[in-house]
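Below is one structure, written out as structure tokens; the observations come after it.
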Amino acid sequence: MTVKVMTNAQTIRSNEDKKYLINRLKTIAGQVKGVSEMIEQDRYCNDILIQISAIEKSLKGVANEILKSHLATCVVTKIKNDELDIIDEIMELVRRLD
Amino acid sequence: MTVKVMTNAQTIRSNEDKKYLINRLKTIAGQVKGVSEMIEQDRYCNDILIQISAIEKSLKGVANEILKSHLATCVVTKIKNDELDIIDEIMELVRRLD
Amino acid sequence: MTVKVMTNAQTIRSNEDKKYLINRLKTIAGQVKGVSEMIEQDRYCNDILIQISAIEKSLKGVANEILKSHLATCVVTKIKNDELDIIDEIMELVRRLD
Amino acid sequence: MTVKVMTNAQTIRSNEDKKYLINRLKTIAGQVKGVSEMIEQDRYCNDILIQISAIEKSLKGVANEILKSHLATCVVTKIKNDELDIIDEIMELVRRLD
């Protein structure tokens, strides 16, 4: 696993939020495993691709949850502290997520 | 795991192709697990989102491999057999993968 | 206007198809002009961005129409003639349109 | 032209910024016109689709410019004024632009 930009920054999350996000990621891991099994079973390409598009939607959903809480916490705090380089950080992220 | 459209159709793949795709999916499963750990460790949202965008790229890569072999095998065969409803199937897929 | 790959290949279209596509492109040109006017009028960024996302959807719609007829005509013909380099051409296009 | 959400809000832009954005939109309008001409001339579908993908990239570029200045001005101001419903507005935009 490669992480392109790595910081030591932290975002404290409630146990509830953590559990919620980790559960959604478990579902995604299950979907990925499901695709492996479809390949193992010689399933039809089109069905596999539809399943991959479902994983993409699930991932996008998790990313949007994290982005929303990022904006509501880290970004709001930084802007109030006049740490406006957060704007460039968001824009880099937007370009990456496009 | 929900599969929106489910068929009994099969696509026979070589053992080599299967192993290659399944390995790539194992890497993706590892990336998904990595994101869970980042959340567990209260890692910075932006870093997590960058990592999710890396997973999206990996998934897109696998999808493109499967799409390419789909076109080269199933689609070519069907078109040569004048089973042209394959065009609508591809278009539905394109809209889904957008 | 830059065209990255330029060929002399032709695709004959019916007058009806041409008119239909050109009308849709006229609508898109109108939407682009509308965005210029919004900027001229100091309209709120968010409203402008929503309008740009509408243009993206319109463009995607036209692209999908052209892709569908491309598959149904050029691609079917080439595959039946065993000109299978069309597969690579489609995959290059898919990566570009991602 | 339909604008899905319409507000009376304003964003004052410098003449320089306006000119820059309007020029980029003029280029896009020219690209759209170019695609119409390609259809008129029965040009090859694949070439037209490549050109449409170039328009999508141009549009995305303009959208990103506007988004960046939106974040740096409107969003910073609203967050400093504790008008935090701007977060929901951004998230709605992100979902739309996906």
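The letters A, B, C and D name the chains in turn, as written, and every chain counts its residues from 1.
Keep in mind that, in the parts below, a residue touches a chain if its C-beta (ideal position, glycine included) is under 8 Å from a C-beta of that chain, and two chains touch if they have at least 3 such contacts.
Keep in mind that this is a model prediction, so the values were computed, not measured.
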{"item": "Chain separated most widely from subunit D, comparing mean CA positions", "value": "B"}
{"item": "Distance from subunit B to subunit A - Cα centre to Cα centre, in angstrom", "value": "17"}
{"item": "Distance between the centres, which are taken as Cα means, of subunit C and subunit B, whole angstrom", "value": "25"}
{"item": "CA centroid of subunit B to CA centroid of subunit D, Å", "value": "30"}
{"item": "Residues of subunit B whose C-beta touches two or more other chains", "value": "60, 67"}
{"item": "Chain-level touch network, classified as line, ring, star, complete or other", "value": "ring"}
{"item": "In the complex with subunit B, residue positions of subunit A that touch it", "value": "1-7, 9-13, 18, 21-22, 25-26, 28-36, 39-40, 42-56, 59-60, 62-63, 66-67, 69-70, 73-74, 89, 93, 96-97"}
{"item": "In the complex with subunit C, residue positions of subunit B that touch it", "value": "60, 64, 67-68, 71-72, 75-76, 79-80, 84, 87, 90-91, 94-95, 98"}
